[in-house]
Amino acid sequence: MYFVVTTATLVTMALALGRALLGPTVYDRVLAANMFGTKTVLLLSVIAFLYGRPDFLDLALAYALINFIGVLAVLEFIRRRASSEATDNSVGQ
Amino acid sequence: MALFLDIASWALLSIGGVFVFIGGVGALRMPNLYTRIHAASLTDTMGAVLIIAGVILQAGASLAAIKLAAILLFLLLTSPTASNALASAALLAGLRPDGAVTSLEEPQE
Amino acid sequence: MELLGLYHYWVFAILLMIGFYAVIAKSNLIKKLIGLSIFQSAVFLLYITMGKVDGGTAPIIQAGVENAVFSNPLPQVLILTAIVVGISTTALGLGIVVRIKEEYGSIEESDIQEIDRR
Amino acid sequence: MIVLFGVFLLSLMVITALAIVRTQHLFVAVILTGIFSLLMAANFFLLDAADVALTEAAIGAGISTVLFLSALALTGEHESVRSSNRILALSVVAVTTLIVIYATFDKPRFGDPLAPVHQHVSPWYLETTPEAIDIPNVVTAVLASFRGYDTLGEVFVVFTAGIGVLFLFGARPPRNSGSPGTRAAEQGLGLRHYLIPRVVGRLLIPFILLFGFYVQFHGDYGPGGGFQAGAIIAAAVILYALLEGEAQALRVIPHKLLIGLMAGGALLYGGVGVASLLLGGNFLDYSVLAADPVAGQHRGILLIEAGVGITVTGVLLSVFHAFAGRRRR
């Protein structure tokens, strides 16, 4: 029963990795990384049951809570770059 | 009763697996970034709900079920937020939704 | 089964060498640091692979379960601390790279050597 | 079957690593490193290392991406295409790969219970932990009690790395250009104008902190401990800094407090060792800390795990602020 869903998740991880490798923009790769994160959460919760050790769900919980910080960091990075370019341009003019 | 629960959770897990897979195919095959975000995040949330509901049925009334519910809740909060932040970042960097890239495109490798 | 077991070790070897290649062949200092962290991860993987026991479970004793087989806890202890030490040393390396950029204006190895030669 | 899953994940890992090395765009390399870390954690989990997987999750999911991105913001995103001695490097790597692969044929079979590593001290740890320390998580028992010296050393390495970063960034950046006032004000805002991340993020920060403390104090019973908890708590504060601006985060947890945390945790760890010396035991022998040796072990592990968590939080946050607070010249 768990094998079907685990296999589906693994195949999807491979597809997401394909998107991460193909690009073409960096944001596609960030999207793929984020998808990879949610897929990992699902995979880990299912495997915890497959192993018969449901007390290991902490790991999936950790990813569910903090995986999106990476994407927020990307947004902040782009925002800083955009704002510093804007000030550079206004200083140059 | 146990058999019924098993069948229900099997069905939920399988449908969830199908949703997750569709999301993956969508993210790979859609023509531009914003459609890909749409495909990935929409089926992501659906797949997560179904799969975790299926596993909760297996867990029964235990601490594991509460943890799974928490995982589902946090996933439903963070995953759309991440999609939103990603779309904002792309828009801020000048990637237009119609697919016309105006600037800051990644250079050819 | 025999080959599958060896596959784990081969992946270790390949990852180790991918990291090594990035460290020796790439000129960009940040790329070198990323290569170093791949190298590090390969070593972590080797340790954890060696700690696995057939049919074992994680070394956390469950109440009421008798005669469970546990995987080896020792490599896990070593690697657990090594991961945190790894990120701290990577941060130190990144700090040095940022300072190099501020003083030399570049983080390419060849540029830095050229500036030093002058 | 699970072995097949492992093989699949390992193959994905090799592909990701190759892509990381091949791309010339450093931003892309950092994003792919995030995927690599996720795969690594999943593999650790499959190989029965729940504690290690949790550490990798706590470090790889938030902190390492944030650190690398802040460093990229200060240096530059592109790698120049020149590579001079590629053929030489490739041949060195090829020869070394063959040697390492040749060496793997002499390794014990994967999962062999009779392998030499499983014969020496590990069975003793597994047998002794229930009697001498009486906590379910053998990894925590070995980490905190049996090999407490090791962990003390690691904590001081982390502490030293943090001090090193602070020293490096103690020097002023040369040649300040532009109008730093407006730019600093503009850059210090964080994601305040982005409503959805801000609302959801602020909602989640207490839960992340709560989860961090759960990992800290539940480490005796399940996967967890000071190292993981420190990273998770640091991730929560970093999230706050991303949302509200770095300056605001420094107002909540000032710099002096961070340095105090760094030193205080390491001192707490060392202090437990000295206390056990003064009470007549060996250095870091917790049995003397209470009337009952097992209760003493519990108390000692609680204290030193707290010390580890405090130092790791302090170091990771100081490093983050050192990078994020620096302006590109």
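Labels A, B, C and D are assigned to the chains in the order they are written; within every chain, residues are numbered from 1.
The rule is short, and it goes like this: contacts are C-beta pairs under 8 Å (C-beta built on N, C-alpha and C of every residue); 3 or more make two chains touch, one makes a residue touch a chain.
Keep in mind that this is a model prediction, so the values were computed, not measured.
When C-beta pairs in contact are tallied for each pair of chains, C-D comes out on top. Taking each chain's centre as the mean of its C-alpha atoms, chain B lies 27 Å from chain D.
Centres computed as Cα averages put chain A at a distance of 10 Å from chain B.
Here the spacing of chain A and chain D, counted between their Cα centres, is 18 Å. Shared interface positions of chain B, i.e. residues touching 2 or more other chains, are given as 74, 78, 81, 85, 88, 106, 109. Among the residues of chain A, those touching two or more other chains are numbered 13-14, 23, 26, 30, 32, 37, 53, 55-56, 58, 61, 65, 67, 72, 74-75, 79, 81. For chain D, the set of residues touching two or more other chains reads 25, 28, 50, 72, 191, 194, 197, 201, 204, 207, 222-223.
Taken together, the chains touch in the following pairs: A-B, A-C, A-D, B-D, C-D. Taken in their complex, chain C has these residues touching chain D: 1-2, 4-22, 24-28, 30-31, 34-35, 37-38, 41, 44-45, 48-54, 56-63, 69-85, 87-92, 94-99, 101-103, 107-108, 110. Residues 51-53, 55-56 of chain A touch chain C in their complex. Taken together, the chain C residues at the contact with chain A in this complex read 57-58, 60, 62. Chain contact summary for the complex, chain B toward chain A: residues 6, 9-10, 13-14, 16-18, 20-21, 23-25, 27-28, 33, 36-37, 40, 44, 47-48, 51-52, 54-55, 58-59, 62-64, 67-68, 70-71, 74-75, 78-79, 81-83, 85-86, 88-90, 92-93, 95, 101, 105-106, 109.
Taken together, the chain D residues at the contact with chain B in this complex read 22-25, 28, 78, 191, 194, 196-197, 200-201, 203-204, 207.
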